[in-house]
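Two complexes come next, and they have one chain in common, subunit A, joined by subunit B in the first and subunit C in the second.
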Partner chain A sequence: METSISNFVQEIVSTNEGVGLLLVDNHGLCLSKGGDVDSKSSGLISAIAQHVAKLEPNLGPPVICISGDQGKILIKQGSNVTTAIFKPNDTPNGS
Partner chain B sequence: MMGCCFSWCRDQSSSEETGDNERRTLIHPDANTSIQTNPPTLENVEPLTPSQVKKNDEQSDLNRILQNTITKVIDISALGCNNLEHSEYIERMNIYKAKLNVAPLPQILRHEECLLVDIPSPALSSCDISDYILINQTCEKAELAFKNVKVEHTNDLVVPFMIP
Partner chain C sequence: MIEDINKYLSEQMKKVNDLFCLIITDRDGVPIIKILNEKCPETSMKPIFLSTFSTASDQASKLGLGKNESILCIYNNYQILQVNYLPFIIRYIASNKVNTGHMYNLHDHIKPVIEELKLSIGQSIIQ
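Right after this comes the complex of A and B.
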């Protein structure tokens, strides 16, 4: 039933070493997760994406980058799914 | 401010009659003689001499109004500046942190886990183009994967009970 999402998450996590992926619906509920990610962050991720999108409501959904010493969190809100990528600093870049 | 202005517009005799109440003049007129208490009226304007030009008289009135305004306006631009240097920002942050550690705050205000807890100073880094491409592609694929979710029919949602 949800195998398409599970397979997609596993594909992203296996392609990008050390990367965590969190998929959240528009209600802030966790759809799926992969890698070293806490699913409790799903509500916060959704709230951040929705609030930042209100800064420029006439533009498309922005890419949010929360950067810290240990890594960065990339967030983008889609029409149905908000995607969050947890990326450590020492991870080699992959596409 | 309005009460203060209102009290300036009244004459001194009426202010003395009212005594101590909430409409009393906050600053006594004798305390600062540099501030003109009465607005310019026909009585207190000095008579024109033939040598004075009417234009100069208007200019002096305007100057007097300007002077009155200056004495009543508080210039807050000289009180302080909100632009903090980076070193001063760090210094203040350390002071506030030290005070917060000492202060007996409730446990609910001491968040040990938060998203930005590992940032010691304001972050100045930016998002790489590779990260930008990665999140955009992942978001598009996630939308496609979400649309491919289908409900598989396994059991009947409405089950007839064994009612005779």
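Right after this comes the complex of A and C.
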């Protein structure tokens, strides 16, 4: 099971140059990571997703976009897994 | 200095939902800093609770995976994270619903403060 997740993450990262991907479980623990991402940020990613979901509890979990000087982080909370995509500013537009 | 560290740690603690207390002890379980809220279980301050980790950590170090760094215990109502940061042991007691990764992240975040504490009083504990 772990191998299939890992293969999936590597496939995403290799097809989108420069992009990082982090998969986090509901306890904020890192399931898998690919690209230039620190697995230690898994707790914060999960906490952000859980907090933002409380803004509109009647709607489904939102897609969160955090923009900074160096790039963007897109976070989406699923039922069991939270996905974070790290996209530096210098990545190609299609990624 | 201890007051400043106390204040800083209690501010940081509030950032993690459902975290009830943070206790810094020496390796024998003698409390040095304790920050508790009203939900913290009474058991957490009993000597038996505070002194057991050292033994458990020593045994865990014999499993062939190198020196044990931390032990996370998940119970029906609580999660307890105990980290070996010699000469200190740092304990986080939280609800079972706490974001475990966020709790580990808090630990990384407060490490520089614990280093300061180590410099000021750690030497006297080692001796």
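Throughout what follows, the second predicted complex is superposed on the first by the 91 of 95 C-alpha atoms of A that agree within 3 Å, B and C clash if a C-alpha of one lies under 4 Å from a C-alpha of the other, contacts with A are read in each partner's own complex, and residues count from 1 in each chain.
Here is the rule we go by: a residue touches a chain if its C-beta (ideal position, glycine included) is under 8 Å from a C-beta of that chain, and two chains touch if they have at least 3 such contacts.
Keep in mind that what you see is a predicted model, and the values were worked out from it rather than measured.
Participant: Should the superposition on subunit A be reported as showing a clash between subunit B and subunit C, or a fit?
Facilitator: Subunit B and subunit C fit side by side in the superposed model.
Participant: A:S46 contacts which: subunit B (first), subunit C (second), both, neither?
Facilitator: A:S46: touches subunit C, not subunit B.
Participant: Mind working out whether A:L23 is in touch with subunit B, subunit C, both or neither, as first, second, both or neither?
Facilitator: In the superposed model, A:L23 contacts subunit B only, not subunit C.
Participant: Quick one: name whichever of subunit B and subunit C touches more residues of subunit A.
Facilitator: Here the partner covering more residues of subunit A is B.
Participant: So, does A:V37 touch the first partner subunit B, the second partner subunit C, both, or neither?
Facilitator: After superposition on chain A, A:V37 lies in contact with neither partner.
Participant: Can A:S4 be said to touch subunit B (first), subunit C (second), both, or neither?
Facilitator: A:S4: touches subunit B, not subunit C.
Participant: Looking at A:V13 after the superposition, I want to know if it touches subunit B, subunit C, both of them or none. Which is it: first, second, both, neither?
Facilitator: Neither partner.
Participant: Could you tell me how near the closest CA atoms of subunit B and subunit C get once both structures are overlaid on the shared chain, in Å?
Facilitator: Shortest inter-chain C-alpha distance (subunit B to subunit C): 5 Å.
Participant: Which parts of subunit A are touched by subunit B and by subunit C alike?
Facilitator: Looking at subunit A, the two contact sets intersect at 41, 44.
Participant: Along subunit A, where are the residues that touch subunit C in the complex?
Facilitator: It is residues 24, 27-30, 40-44, 46-47, 50 of subunit A that touch subunit C.
Participant: Show which residues of subunit B lie in contact with subunit A when the two form their complex.
Facilitator: 115-116, 118-120, 123, 125-128, 130-143, 145-152
Participant: List the residues on subunit A that touch subunit B in their complex, please.
Facilitator: 1-2, 4-5, 7-8, 12, 16, 21, 23, 31, 41, 44, 63, 65-70, 72-81, 83, 85, 87, 93-95
Participant: In the complex, go through subunit C and note every residue touching subunit A.
Facilitator: Those in contact with subunit A are residues 16-17, 99-105, 108.
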